[in-house]
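Following this line, the structures themselves.
Presented sequentially are two complexes of chain A, the first with chain B as partner and the second with chain C.
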Partner chain A sequence: MSASVTEPVVDPSVVWTEAGERLMAAAAAADPSALPAWFVERQAAARATYEQLAAPKRKDEHWRFSDLKKLDVSAAIPGSPFTGADATAAVTRSVGLSHPAARIVLGNDMLLHADTAAADGIVVMPLMEALQVHGELIKSHFMAQSAGLGGEKFFSLHAAALRGGVFVYIPPGIEVDRPVELHQWLGGMNASTFPHTLVVAGRGAKVTVIDYFQSLGSEPGFACGVTDLAAGEGATITYVNCQRWSRKVRALHFVSTTAGPNSTVRSAFLHLGAAWARTESFCLASGSGSRSEMLSLAVAEGTQEIDCRTRQIHDQPHTFSNLLFKNVLFDQARTIFSGLILVEEGAHYTDAYQTCRNLLLSEEAEANALPGLEINADQVKCSHGSTSAPLDGEQIYYLRSRGIRESDARQLLALGFCLDVIQRLGDPDLEHVLSSMVEEKFRRMRKA
Partner chain B sequence: MSLAINNLHARTGQRDILKGLTLEVPSGEVHAIMGPNGSGKSTLAKVLAGHEDYEVTAGTATLDGADILAMEADERSRAGLFLAFQYPIEIPGVSNANFLRAALQARQPEGVELDAVAFYHKMYAKMDVLEMNRQFTSRSVNEGFSGGEKKRNEILQLMMLEPKFAVLDETDSGLDIDALKVVAQGVNAMRSPERGFLVITHYQRLLDYIQPDVVHVLMDGRIVKTGGPDLALKLEAQGYDWLKEEVLVTA
Partner chain C sequence: MSTTFSAGDIDRSKGDFFFPERNKYDAGYGLTESTIDYICDVKNDPDWVRDFRKRALKVFHDKPMPTHWATRDLENIRFDDIRYYLSDGQKPKRSWDDVPEDVKKTFERLGIPEQERKFLAGVEAQYDSEAAYSNIQKAVSDQGVIFVNSSEGLKEHEEIFRPWFGKVIPTGDNKFSALNSAAFSGGSFIYVPKGVKVKHPLQAYFRINSENFGQFERTLIIVDEGAEVMYMEGCTAPKFETSTLHSAVVELVAMKGAKLQYVTVQNWSSNVFNLVTKRGIAHEEAEVKWIDCNIGSRLTMKYPGVIMKGRKARGEVISIALANSGQHQDTGAKMIHAADETTSNIVSKSISIGEGRATYRGQVHIPRHLKNCKNNTECDALLINSSSRTDTYPAITVRGNQHATQHEASVSQVSAEQIFYMQQRGLSEGQAMSLSVNGFINDLVREFPMEYSVELKRLIDLEMEDSVG
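Showing the complex of A and B:
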């Protein structure tokens, strides 16, 4: 990917200031009369915050191990609307499950296709449109909290540059039995995208949202996305963030979860693409009896770097959270996992778990793990841990003793390592779609 | 056609375990190997199947004339040798069906895909013989299986892969009598004039259900006595001490 990367960065803060001006200009030019006043103010405030905040440095605690040289935005420009063949290709290639409840396709943040006929009684619509109809509902959940994991400058950039996105609202009591699928495409040389997904599930509602992020071509690009998940009392949200950007894209994504009383929220990342990808996920167990599960699977090869920062916050008693982040590393790939469980004062009877497992398939690969735990309450059950290991020799031998060639045995085991994350989503159709993507990446790598 | 082992010496770490083992199992026959603990029974199984922890220092082992010691573990399997493990390995995330498919796919000529429908037909039929629930096809290989389920799963692999020679390493250990009968039923269903078996066991009990043509006694890395099925009965009744004395006398 070196051929496409521009000149070495001299002063990162200048680069970020200039890039910010370019990237925020398109949103700033939008007609303010078409948007609620609070949203216009919010974007203006975000612009100011972006300009005030310093660019991250590697020595910052939240950027430890991160190779910031890989996050090069010096050439990033706003994405142009998809036209003609590109628009057709994006819609045609937006294939996921066979019968989603709704399907929305966006190209560089602009709506290309919406199929919401089957979405009876639920809201699945472009965010900018939704702001005019469901403004108050959006206001109470829109980027309500920052993860505080180091990416605040980019979080502000997202808010200021936002001009697309999708709003999903499931009214109280409604259970959507098929997933809602969002396909967000990036296209064009050095194009940037600011995907935004806001999912609000009312009391007792239930929904699964699959968010696919893909590049139309193989050009370099920049993505800075936000997902907010708000589960009301007794609601169930499953959210899958399926990152398949081209191998020259630098991407950041923030996922914030608020789990109300007795709600269940499951969020999962599947990282297959990008040159450099960082996610900051934050889950707030804000209601007694809430359950939150955070999952991630990254398959990194070549010089890919996947950086995952997480925070599980418990501020009410009787809440549960579980985190499982897995990385498979080939070649000179790097991964970073940094996670914190924070049990606030008074959040007694918290159950919180955190596990990071790295499978090292190359001696040159590097997996960094910084698990953490801070407990300020009593009667809690918490654990955290991380492991990094190559494949098990006895397992390889067992497969070979059945005639399976060594390279096939290794691939089968690596795939097995991946599958348990996907299986935890508990949906066989979805499992099939996601595991096919992982298998496809393995196949492509073997051919290379 | 035979599995022929001649003057085999093998070691693990600094310890010599096999010290000149010789035996031949012709196709169509079932040979049992019995012996006290530490005599080298499991080492023989692992050496034949190409486990990396064991080093062959002398001797030969051939399968229908082909030198299996020169082959990698996976080549030995494709050449027709099968080992039923004493302690089958758990493989999280890999379903039993995918595992078996991969093993059979490895036997297909380059570019030829395994017939998936025929594969499932065959697998279900074999599972019926072994009284295995269909859910075992989608479960991860051996993960969370009971001792008996693991052994049945080994025999299922044997039945699917149809080797020329099968070595069963203490397949009876950890089995109750009902499970033992089912496992034996699977093995007996696979007996044929084209296939040989080497059944390694500590107890005569297994041989009530899988009746051997020949019984060998392994002590201190060598075959010290070979006889018919009655030899197993005598060992069961009298233990190995009388043999130790006999070996000492002849030595």
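Showing the complex of A and C:
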């Protein structure tokens, strides 16, 4: 046996060190006098943490079933600001609901367009600007907790490389009827983006934020985003993360939720794009009477891999959380769901539920489920369930007996499986926007 | 009204007895190549076994502790402070009269003689390393069933033993299967010939009776085409001050159409590390069923598995775990589907009392080239006290659109209203709790053979006795 023709072995830690240097350089070059001192220090500390942490390995329990080879960033470079036609295209293509309370468009983390005329009494502005005006408020919520789900190195990378992002603040008592829309675009060969969304809702405030992530072209790229949701006492936050990156993008996203007393926080993912996408979501039920709901729907085809890791933490008595993650798998798609409900000591009277449902529509698709429970308290109601199955033959038969073609019947049933998640958001207009995105993906796949 | 019940210590007096040690052979402390040679010499192992053990020793030393997913309590095992081989003598005693008086007394307290007369087809009781008493009822041996200890099996029946030995669980499967492969002694070898249906369960009792002494039984059961057998294994151990290591390997082989049930009631004293690898292969239309109950030990890590290798094979794990203060029951199941139309079922129920911790860890694997495989997993946990702990960590991989799996887990408490109701009807709080817990696992207890389910209920009553107050 000769080893002369084998590929040179690239040490992944070297790749990450080099990529990290490139990606963090742009943020490090920013003028520190324009930013609060704590933020500059925070970025420097994140840089050090990034360099210090080891790259994930296949055997790490938090990366079980993940295909780390698919997370290839050896070519990733910082994204350049959008110019001319690109900027115009991004703004015109940023279509969501018809009358949002505010609409912000960003290209490679830089502000392209802001329409906040209808946003009365609330704050929706680029994070870097907000740091100067609402520095203290941001400081107390900015990346306050790491999910601890294996992506710590990338979490630090995000903090160190951050140059843009959006800050949404709803002062106490204000209820915003229409959603706030954020359109975040990625463009350019091997470009990288670090989307950051911070939503703070004061006591009794109410808001819905929809975060759309899209690629301008079909080039490869890298996205590493963070969303922090902080709900004050009695506040209500609904957050939708709509991932439609191009099929060559590698994406990571961290969502952490802090639910104060009697607050309600709902966060939802819609995964339609990316070659490889991993989300780490974390919700902390930190106030008694808080309710947290986590939702996700992934429609994966081709060789897409969608990796969702979640953690529901209860550290106070009388809290509620519920999770529903659904995956529809076509072709050779792979999905991973790894969830944990953690009920800390003393968090008695916790109600926590977790459901993962996988619909397998091809012979080669693969669904992995790792639903977990860790219970250290008493008087707790907890359950989890996970199913993986194809479409029900009887249901198809029924639809066919009503004159519907088999292929149509299959699509109808798959769509029905999906819509259940979207309907939980309880907003018909939003439901319409999101379900038409799912239908569009189905249509495209059918043509291909 | 808050109903938290504080836990007391368990009354273990019934298992808390031991007799003076009288060991004819003793390999001393620690495990080295010379320990292996000592064991081989004493046991008069053939050369291939000596080689097998030495290779395994190397694997054992090379493998890291699995603490990247398992509890760090494993680091408290002092491998150098353990004696790896002790024996009372070489030849298994064939007649009851030959068994030393103190050993007999121990077994009498465990109730072996009566049970044997009533239900059991054969007894292979292991006292320390070697079988102290071994007997197969005539009816069974007349059918051609081989039921001997593993040392005898590998020498006398090499042609049947060797092809399967270490094949279901390879030496390198994990650190503890390697340890067992290096130091094994005792355990059973059973062969059931084609078409033979053994009516009565075969039974063996294992005990640890020397301080700091690891017990490494090795069991291999082969059930030939169309044959059926049920094997029962029960453990109780005297209480000692320092930790004891128990690391068994059990391999089951069910040939075409065979049925094999393996029943365990584990009740080691609460200083025992019980790290066991158990796995079965089910060929075409065969069924392997593990019925597992873990009550004792400090830490048990045991995930009985079935590899469904032939079409329409079936695997099942029924598991009950009871974790009291100072105990961690880390149990579960592993179902590897490797043929079309295979089905597996896992039902696990755990009860955590006091500061006890119960963990379910499972793996279900259905690869892509197969058709019509099904898995059902249910795990329910019951928490008795406010400091009790329970975890569930299943891993399910399904490839392709021709299979169906479902997994469900729940965690609950004994309802305060139920207890109140029963107390109102004149039961003490302890009796009410006991009744409630027995109700929780009742549907699984019924899966056990009759005498075991009686014993199980008694054991649960015993564990619950002081858990309220």
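We take it that the second predicted complex is superposed on the first by the 439 of 448 C-alpha atoms of A that agree within 3 Å, B and C clash if a C-alpha of one lies under 4 Å from a C-alpha of the other, contacts with A are read in each partner's own complex, and residues count from 1 in each chain.
One rule holds for everything that comes next: a contact is a pair of C-beta atoms (placed from the backbone, for glycine too) under 8 Å apart; a residue touches a chain by one contact, two chains touch by 3 or more.
The structure displayed is predicted, hence computed values, not measured ones.
Asker: Answer with first, second, both or neither: which of chain B and chain C does A:Ser401 touch in the superposed model?
Answerer: So A:Ser401 only meets chain B here.
Asker: Quick one: name whichever of chain B and chain C touches more residues of chain A.
Answerer: When the residues of chain A touched by each partner are counted, C comes out ahead.
Asker: Please indicate which partner A:Gln52 is in contact with in the superposed arrangement: first for chain B, second for chain C, both, or neither.
Answerer: Neither partner.
Asker: Using the touch definition from the top, say if A:Gly393 reaches chain B (first), chain C (second), both or neither.
Answerer: It touches chain B, and chain C stays clear.
Asker: For A:Leu412, using the defined touch cut-off, is the partner it touches chain B, chain C, both, or neither? Pick first, second, both or neither.
Answerer: In the superposed model, A:Leu412 contacts chain B only, not chain C.
Asker: Which of the two partners, first being chain B and second being chain C, lies in contact with A:Leu360: first, second, both, or neither?
Answerer: second
Asker: Have a look at where A:Thr83 lands relative to chain B and chain C in the superposition and call it first, second, both or neither.
Answerer: Neither: A:Thr83 stays clear of chain B and chain C.
Asker: Which chain A residues lie in the overlap of the chain B contact set and the chain C contact set?
Answerer: Chain A residues touching both partners: none found.
Asker: Note which residues of chain A are touching chain C in the complex, please.
Answerer: For chain A paired with chain C, touching residues are 59-61, 64-65, 345, 348, 358, 360-391.
Asker: In the complex formed with chain A, which residues of chain B make contact?
Answerer: 49-52, 72-74, 76-78, 83, 85, 88-89, 91-94, 98-99, 102-103, 106-107, 140, 157, 161
Asker: Inside the complex, what are the residues of chain C that reach chain A?
Answerer: By the definition above, chain C touches chain A via 2-4, 68-69, 368, 381, 383, 385-413.
Asker: Which part of chain A faces chain B closely enough to touch in the complex?
Answerer: On the chain A side, the touching residues are 393-395, 397-406, 408-409, 412-413, 415-420, 423.
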